[in-house]
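Both complexes below contain chain A, partnered by chain B and then by chain C.
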Partner chain A sequence: MKNKINKVQEAEDTEEIEDTEEIEEAEENEAKTYVSEEVKKRKVVVPGEVIVTGEDYLPSDGTKRVGKDILANRFGLAEEAGRVIRVLPITGAFMPRRGNTVLGRVTDITFHGWLVDIDSATSGFLPIEESPRFISKNEMDQFLAIGDVVAAKIMGVKAKGIDLTLKSKGLGKLENGFTFKVSPNRVPRVIGKEGSMINMIKEKTGCSISVGQNGWIWISGENIDNEIKARKAIDFITEKVHMEGLTDKVEEMLNGN
Partner chain B sequence: MAMKSTNLTINTLKRMFKEGKRFDDRKLDEYRKIEVSYDVSNKAEGSARVKIGKTEVIVGIKLAPGTPYPDSLDKGNLMVSGDLLPLASPRFESGPPGFAAIELPRLIDRAIRESHIIELDKLVIKEGEKVWTVFIDIYPLNDDGNLIDAACIGATAALKKAKIPELNENGTADYEKKAKKELPISEGIEPLSISFFKLGDSIIMDPTREEEEACEARITFGLSKWKKQYMINSCQKSKEATFSSAEIEKMMEMLPKKFDHLNEKLKKFF
Partner chain C sequence: MAIKRTDGRSLTELRPMIAKVGVIPNADGSAIFSFGDTVAIAAVYGPKQLHPQHMQDPATGILRCTYDLLSFSVHDRKKPGPSRRSQEISKVTEWALSPALDLQGFPNQVVDVQIYVIQADAGTRTAGINAASMALAHAGLPMKDLICSVACGKLDKDIVVDLNKDEEDFKDGEGATDFPLAKFATSDEFTLMQLDGKIQPERVKEVIEAATEACKEIYEVQKKALKEVVKH
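Right after this comes the complex of A and B.
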């Protein structure tokens, strides 16, 4: 089951930050001139900064239009995709989207399902009908008890809350190991291009690792030392997001001890 | 939203502590790197910024003339207040202070007051009418566990550098003028708070936030040295689990060693 979960997570990863070089170049550009040019590459912007000027562009996530200018609403990397301008945040909270796979902690059991804390503004709700097999209302706590960790998929985001489901491959309660949190915006970096980073860590440490889009990470290995090693590698990645050749550095680190 | 550890993490930490392991390679009773810097605030009479690992606290001392309490007419006043700013941790919410926000300054208050580091009887301006009030304000900037110990180091450090402002003719304090008179501090008394945390059967010190969240019990001692004797000035136990008498005895053995060790570490800052 563990392996299946991992595969689902990797397939999820669509928003990968590409090369670190690009980010650094963008920073240089910014230092040189404040007047915005047309962005072909991603560049770092701060809230209120003009990203592009012109009626042709459409403001998307993290941006707003003021007169002819498109301004950044958030601190992050500005990206131009055709006519659409958006900002990929570097810091900030998890923004739940439909289809995200998340890890969460069961906080309460109600008549109709489980309340799951997934580190978003509103808590997640997992209805009893969405469990993978039939569960009687009397034995709900035997399937998922308070404090348990569950891998779930976001079925829908409503104003009242977030609906979760377990009806998909590789979802369900997680056993053994431990969980910890990283910034949700660092998740693409932890996974790497097509899962390259996470697969390398898994291979080198022999641990099963599962990464939720909300920044929760679950690690389970044969012994504690390997688990600690895997966690250290991930903490290293999240601290040095902008480092060049990060994959090699992490590999070196894992080989070192 | 209360942030609690998952069952998986708690079980793993229990297992790790049993083997004497931690995520950051420390020993169970080992402190993280401690740094203290001074004069972080222009307006305060004394201030210090303490870092224990990623935990960061600013402590400021303010002095103002005030009336003495009816039961201590010949002594200055001491007030400790703390504010758990939401900027310090996602666990802190703005609004009326919760349990932790009330507990923190009270613990520091007792540790500082009962050590008699401040010679309060020397803070009288006119007996029975006017005395100095010492305000100790604690502001955590980042909570990565063990806030109480960090705040106490900060309070002690800031007190050691605090100055008494001069008085105007009408009796108010002149904060603009550069103060030279030092706050009367008893030399050689360095009140520190030392906390022990319990998870399963293991006792750990200086936990990170995730370790602290997983822990089942905490006991905090306010320690100082008086005439070369170790003094326990205050003691408070928190959370649900219990400590056995054997565990308390073990702590009593560890306390003087830890106190000396911490003092040694802090010597270059004090």
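Right after this comes the complex of A and C.
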């Protein structure tokens, strides 16, 4: 433990030294400081582009180290979180990951469970043991029939396919209401910081809304007007993802109508 | 001494380039790229499950390219459907792009790239490769680098870049040589090299140097187009 603290302190010390050096050399090294400031603001990078140079940084998702440079491995937004550099996706198809909550549609019933289309390369499989209560193999279609929409959690992603589970809070069959799709890359913005955006929409419209990481959204409300209002708010968010103060704008919009 | 090119360009001057990303909302990634009057559009779908199953590779995902000219892209209507020429170009495009892609994380899956030439005025395969490279990046696939492609050539005794149709049909002196190339944007690794015509072996170096310079310009255009995605 003590060692760790010392190490951290050492690291901080060296950082400080570097900082002062940087100030002294700022005029000479204008280009370099410019780059590091840009990263803090997040910048768009293309594959193969150098994000930062230096041994201090750690490459994370979507990046790799080549010599002293950290290069982007994919197109996206480069972000610096402390020393960790990662590239966040802004376009492209949904890439399933363990722990994602997704919405899907049941496409087939087998002896051991349900096949669920979750809009990824391989379809999801929901084993019968992963349903929240005991279900006899004879009455599987009474619990989930073909065409039903279900919210499930990804248990694991394997070469053979994706395993789903319903054993968690807020998962299960989604009845009534309607589903529609948005780009999976816009989902974080629809949810907002710690759910701020989606909770606000739920509160203002009185609808129940479920958002899957794969971009499927399910809305169910007391009347169709509220449902349409909620959908319009979500469509507005997906169109204006890069706008600042979006939560306030959406709130204004929902209060106005 | 340099012969004047029909459109008044200098020997190392490219035709005006236009690039745009995200032109096909349904696709996972898409781009349009043009060299003057040559316009190519590319769409990427996937990664998705590969059928037929016997083509699947459990070790890695595969890239599948389709290149074709649209019927109205040329003066005399091109009969639609795959031809010997379009199948060959599809294959070399696949080889030109796959070294930049890293599909290890997508076993048994396929990435489909479809390239269509809307208007043809020579250099269609290179415009197609440029568009496809941007579309693959736009689809968020893991890539080592972007691919830039340009056709160089020789008109009589002069090395020129980015030939148009009139230049390709040039007959005087030694005639025209068409030399399409594709390379990694930030390194000197070449992924496509074809030759149609005659050239002295010692002059190939000059062609490669001209292509390297031209690819730098193309890379800037591709990069700018990709970065404009965020602004809206």
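Methods note: the second predicted complex is superposed on the first by the 207 of 257 C-alpha atoms of A that agree within 3 Å, B and C clash if a C-alpha of one lies under 4 Å from a C-alpha of the other, contacts with A are read in each partner's own complex, and residues count from 1 in each chain.
We take it that a residue touches a chain if its C-beta (ideal position, glycine included) is under 8 Å from a C-beta of that chain, and two chains touch if they have at least 3 such contacts.
The structure presented is a predicted model; accordingly, all values stated were derived computationally and were not measured.
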Look at A:W218 in the shared chain and tell me whether it touches chain B only, chain C only, both, or neither; answer first, second, both or neither.
first
In the overlay, answer first, second, both or neither for which of chain B and chain C A:R231 touches.
first
After lining up the shared chain so the two structures overlap, which partner does A:G92 touch, if you call chain B first and chain C second: first, second, both or neither?
second
First (chain B), second (chain C), both or neither: which does A:T247 touch?
neither
Please indicate which partner A:S168 is in contact with in the superposed arrangement: first for chain B, second for chain C, both, or neither.
neither
After lining up the shared chain so the two structures overlap, which partner does A:P47 touch, if you call chain B first and chain C second: first, second, both or neither?
second
Show me the residue ranges of chain A that touch chain B in the complex, using the header's touch definition.
105, 107, 117, 123, 145, 147-149, 174-180, 218, 224-225, 227-228, 231-232
Using the touch definition from the top, list the residues of chain C that touch chain A in their complex.
22, 28-29, 46-49, 58, 100, 102, 106-109, 137-146, 184-186, 222-223, 226-227, 229-232
Report the residues of chain B in contact with chain A in the complex, numbered from low to high.
1, 4-13, 15-16, 19, 21, 23, 210
Any idea which chain A residues touch chain C in the complex?
44, 46-49, 62, 73-77, 89-93, 95, 121-122, 159, 185, 240, 242
